[in-house]
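Shared between the two complexes below is chain A, which pairs with chain B and chain C, respectively.
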Partner chain A sequence: MKFRTLAWFVGPSVFMMVLFIAFPLASVFLQSFQITQPVVETVEVETCTPGFVGQTCVTETKTTPVLDEFGNPQTTTEWVGLLSYARVLQLDQVGAAIASGTWSSILAIDFWKALRFTLTFTLVTLPLVIGLGLAIALAVNNAARSIRGQIIFVSLLPFIITPVIGALSIRWLFYGDGIVTALLEDMLATDISVAANGWAIELLMMFYRVWHVAPFAFVIFYAGLQTVNQDTLESAIIDGASRFERLRYVVVPHLMPLIIFVALIHLMDAYRAFEEVVGFSSQAHRITLQWLTYDLLEPDDAGNRAISRASASAMLTMIGIVILLIPLLRRTWRDHKGSAH
Partner chain B sequence: MKLKTLLMAGAVSLLATAGAQADCAFENEVTVKSLSAGFEAWKAVTDAMAECGNVEAELDQEFRTKQPAAFAANPSLYHIGGVSNGTVTPLLNEGTIRPLDDLIAAHGQNLAPNQLIKINGETMAVAMMVNTQHLMYREDIFDDLGLEVPSTWDGVLEAAAAIKEAGVVDYPLGATMKSGWNLAQDFNNMFLGFGGQFTGADSMPTVNTEAGMKALDMMMRMTEYMDPEYLVSDSTYVQQQFQQGKIAMANLWASRGAAMDDEAESQVVGKVNAAAAPLAMEGGAPATTLWWDGIVIAKNISDEEAEAAFRVAMEGLDTEMVTANNDDAIWLISGYEPNRLAQGAIATASADPAPQSYPSTSQMGLMHTALGNELPAFFTGERDAAATLEAIEEAYITAAKEAGLIE
Partner chain C sequence: MATPKALQQPFSLRFASASFLAFWCLIAAFPIFWIAVMSFKSPVDAFSANPLDVIFGPTTRAGGDGLSILDIAIGLAVLIAAVRLAFTRLPKWVDRLSPQGMTVIGWLVGAGAYAIGFLVVFFGILPAVLGVLNSVAGPLGAPVLGLTAEHYYSVWIENGFWRNFQNSLIVTAGVVTISLTVGTLAGYGLARSGSNLAFWILIIALIFRALPHSVLVAGYLPVFINSAEILRPILGDNAPTLYGQPLAVIAVLVAINQPFTIWMLRSFFQNIPNELDEAARVDGCTHFQAFRWVIMPVMWPGVITTGLFSFLLAYNDLLVTSLLLDAQNQTMVPAIAGYFNRETTTTDQVEAVAAAVSITAPLFLLVMIFQRQIVSGLTAGAVKG
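For the complex of A and B:
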């Protein structure tokens, strides 16, 4: 292909990627080293607000931003180095906790609490998603042709449902007097409060994620199963390989690139878990790194947002994903190099 | 819900432009857009505004995220903003709303003096209703058990113990203690009730004090009588607990009162009554805060648009609207007849000493977030009270430094 033709083909997509991925990323990267503040002054303000009968007037000193001649708040931007990272990581408190020997109090600090849960969440759901996806794929592959279509459709349903709706429907099954909780309460004759226990919420969040993502793994593996070399399988049968041995030595090695692909996607997605926190209102017990970034970015009633810390937290999340992906990427790279020779 | 409201508002405004201005005193020719919260009172007001024609009302519970940026645009994306004393702060700070004195002189003859929100003598907003969290209780249960309506939180706990013993409801007490904004607001109420102040000189936090310890202690004692899932319980959850007869008492928003008597939803119609918010300590103010909701007019619009917007808003805030929607809020507008459930809010607001208005300051915004994020650890048992208050102050200081409020 001529270079010009190639450029015309990839040009638009490169432009979009620069505009929507590279540029925001660079901007967040820079903002994580900057702090932009309004110039503020303290002024005496008399405020009159309604009571039910009369008005209450109070005079108090308030901090208000200074406006420039166009009526916009004046701001100053400073380079602060790693200050925002230090504020997110709260290393001084971690140090104090280690010095006093109370390890558990590290997990009360927002970032570390979020990191602990996000890692557990990601690493526990990973094998379950792959295992369940593979199991469904094998089951469908061995099912009679006439019912295969229906089974595939039903298996895909959880993946089609909007994430937050899926999370909410599981929440409604368990929270308060949800159907499942009510049923369990009847059977065990006790009072169960699912949402009062951190571990129960954690389990529900993981259950939801596996339920939601397993169909994706299933579709990929099912496609892979269609290309398993039938000759190899037949010779394995002639050699007396059991069903499990055929799976272990023929099917899984054949699917390995796909398993790595699903693992990569899942690690990236699960590390950015967010809708579980919203759907299950788990903030009191469990938070994720992505939720922490969102919480910092969300303005409060007075309009303040912690953009610098949010940027730092976003960069840390990205670094975390890269670290998680390194082993898998190295393996893919090795295989790639191996096959080239 | 939002889409439906929008469609309805659009349909109403279309109908109105078709010449059905029967209920509006004038025919509005200028397009007027409003952005407000989505609760019943705003629905009533924006529907009344739409009768004038050319009104596009957006009712959105996420309005507070959108409002500051939308009003800072030039021209502003909305003409009328629905605000409360919590959410007016960024608009005031950034100077994106205009003084209303001239417009009030020209078109605001029907406004009562106590509706005008004045900042340094200039009217910046017009209030339409007040709101507060106060004690709602099941009058029938209190009568059956021969209990007095408590006026202090210690009294509430005693009553809760008696109700628990009688076993007439699932949980004696409900509370809006969902982690985040709600939990922080419940702490605010109790903290102010114990005479606390959030920040001192130089904007430094003063939460790690005796009042803070007492507030946490009281809240922890309350949780003994509550649904153990209280950390996911917001206003709607408590309202439903009441409606389904699961709780007997709660410190709940006055604006939720009408729902108790809504026959379509409630199993306890006529059985819930309201009283003043209980005192946290003798001689103190009721442990709650006073809120107002009202309208502001954007600054970055032409004077003609501002005038049209204000006239439309006045139509929305008139006596006719109040008469039609009397029970939807504690209105400040003339023609309002307080009903049974409004008495609690009125008693709260007129108590002596009276509870504070929720402070509309940047510091309070940061403090509210810090409280909402750090308090849950106390209730899940991860931190004790002292460590929690310390963590709140640290979180606040970090945020205030980043926002440039303290050095």
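For the complex of A and C:
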């Protein structure tokens, strides 16, 4: 295909991606070094009230925003270097905490709290998603052919459901006196309050994520199981391999590329976790990196959006994504080189 | 096909595997089933600590809303008949009645007409008939299962959720149409070109897929809010403020969706043999004509699958829509986030549950109809990518 033809086919898509992905990315990068503020001036205002002999006059200085000709507040944009990053990272407080040996006070800073939770969340759910997905795939492969369709249908539900709604549906089972909490309270004869306990919320958020993603892993592994080489399996049996050894040395190596694929997709998505925080209303206890950026972008009580700090936190989030992507990119590059020869 | 003896499994293993599967299905379906049950009960029943109370709803029943055994039996029978009819007869009617080459439109009209017919029968005629039957049936006609639709009524009509539904419809329809149009062109071009440029576009798209959406929104927000001033030199005084505009959100979601769409469509296009294009080219088609008249007609399964995933992305999105749309153009998912933030009384909470179920219902139908396409879409990316 000639370059011109390719350009015609790919043009609209590339245009959209440049305009709405590459361009915003560059502008976020620049914004993270800038601060835009309204211009304010101090004016002396004299207010006089009529009195008995003369007027009583009070002079006070006020700061008022400067308005442009349309009546909108004027703004200035300044280059502030790494100030926004410093405000997000709060390294001086971190330094003080390390010096005094109180590690837990680092986790009181929003960014480090979010980083700690996001990483734990991502790394703990990863093996669970792969293990559960593989287990379901093996069990479905074992089930009678006639009921597989229905099982796949039920399994797809947690995957297809809107993430916030999925999180909410689990929240309603546990929060307050949800029926699962009531059941646990009956069994343990204690009083449980899930919504007030950070660790309980953290566990629930992980449970939700595994529940939501395991079906995806299951469908992919199930498709992979259909192509396992039956001859290899039979020779393994003849060689006396037990059921577990066959799984360990024949099936899992066959599925390895798929396991890596699922792991990478899961790492990328779990690192971007956001809906859990909204669904479980966990912002008082647990927040994620993406939620931190979202929160800075939301207008605060005075209606201002902390755009530069949000940009800085977004760029810091990106670093993690880049680290995650490197192995994936190296593999794709190798495949490309391999297919070219 | 008889299984060889060595491959037969001991009973204990089969039992363990089957019970694990049953347990998983329970966990997978239970939260969704449970919110569906809760949404039909009065607040006292819905948040009762006793699961049986939630299911049978004594307070709801005492309030005069309930179903008798007769209602349940006839209702289920009509429901099953309707589903069977939809899967056996409906395809034949659509095939017979829709004109040549208009099958897609025929399906849309057919499905719409069927849905309306079902709603009229199930919610219009059936309750009237059952009301008469219940009064003569004696004990079979006495209500046993508390059930009320009042929360749905207050969510959809009184709180204006239908307006959010309408916005969701506009946004998702726009996103699916545009991203498929743009994406099929790009996917075809990328699948048929082995050049380095095509490779780099795909790699960059892969990087873009991994970006957190909040990063991008941080880039849009200042521009969108001030767009009227930025665009004034070009467009004059009627330059729009993009913040809050559904069209702007559609464009953003299409772009965010592009990397995924072109990867998936490319893998579907690669499955179509190159010889088909070459034959068309030999017969004198240009690349574009070959694409339009030869490749597209065999690409429909891939396009439908990719369309489903575009639909899911647009429908499920919370972050972009909640930050870029203002209150009056809000779609359903960010609207519900506002719901449970202000929930104070238990009635509010049950209304939030009813709204959540309303959002889930279309997705449920979607899995029912397109299960095969969803599975093939999930595996298409993995097995070949």
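One rule holds in what follows: the second predicted complex is superposed on the first by the 299 of 341 C-alpha atoms of A that agree within 3 Å, B and C clash if a C-alpha of one lies under 4 Å from a C-alpha of the other, contacts with A are read in each partner's own complex, and residues count from 1 in each chain.
Basically, a residue touches a chain if its C-beta (ideal position, glycine included) is under 8 Å from a C-beta of that chain, and two chains touch if they have at least 3 such contacts.
Nothing here was measured: the structure is a model prediction, and the numbers come from that model.
When the two structures are aligned on the shared chain, A:27 is found in touch with chain C, with no touch to chain B. Once the two complexes are laid over each other on the shared chain, residue contacts for A:120 go to neither chain B nor chain C. After overlaying the two complexes on the shared chain, residue contacts for A:321 are found with chain C alone; chain B is out of touch. Look at A:5: by the touch rule set out above, it reaches chain C but stays clear of chain B.
Of the two partner chains placed around the shared chain by superposition, chain B and chain C are both touched by A:298. When the two structures are aligned on the shared chain, A:176 is found in touch with chain B and with chain C.
Between chain B and chain C, C touches the greater number of residues of chain A. In the superposed model, A:285 makes contact with chain B only, not with chain C. Legend: residue contacts after superposition of the two complexes on their common chain; A:65 is shown touching chain B, with no touch to chain C. On chain A, the surface touched by chain B in one complex and the surface touched by chain C in the other have residues 176, 281, 298 in common.
Put simply, chain B touches chain A in their complex at residues 64-65, 68, 72, 85-87, 89-90, 92-96, 113-121, 127, 130, 178-180, 183, 203, 227-232, 237, 290, 292, 299, 330, 332, 345-346, 349-350, 354, 357, 360-366, 368-369, 373, 376-377, 379-380, 382-383, 387, 391, 394, 398-399, 402-405. Every residue of chain C that touches chain A in the complex is listed here, in rising order: 4, 6-7, 9, 13-14, 17-18, 20-21, 24-25, 27-29, 31-32, 34-35, 38, 47, 49-51, 54, 181-183, 185-186, 188-190, 192-195, 197-199, 201, 203-223, 251-252, 254-256, 258-259, 262, 287-288, 291, 312, 315-316, 318-319, 323, 333, 336-337, 340-341, 352-353, 356, 359-360, 363-364, 366-368, 371, 374-375, 378-379, 382-383, 385.
Per the touch definition, chain A reaches chain C in the complex via residues 1, 3, 5-6, 8-10, 12-14, 16-17, 19-28, 31, 36, 132, 135-136, 138-140, 142-143, 149, 151-158, 160-166, 168-170, 172-173, 176-177, 179, 182-183, 211, 215-216, 219-220, 223-224, 234, 237, 243, 258, 261-262, 268, 271-272, 274-275, 278, 281, 289-290, 293-294, 297-298, 305, 307, 310-311, 314-315, 317-318, 321, 324-325, 328-329, 332-333, 336, 340.
Those residues of chain A whose C-beta lies close enough to touch chain B in the complex are 35, 37-40, 45-58, 62-65, 67, 71-73, 76, 84, 87, 93, 105, 107-108, 110, 175-176, 193-196, 198, 281, 283-285, 295, 298-304, 306, 308-309.
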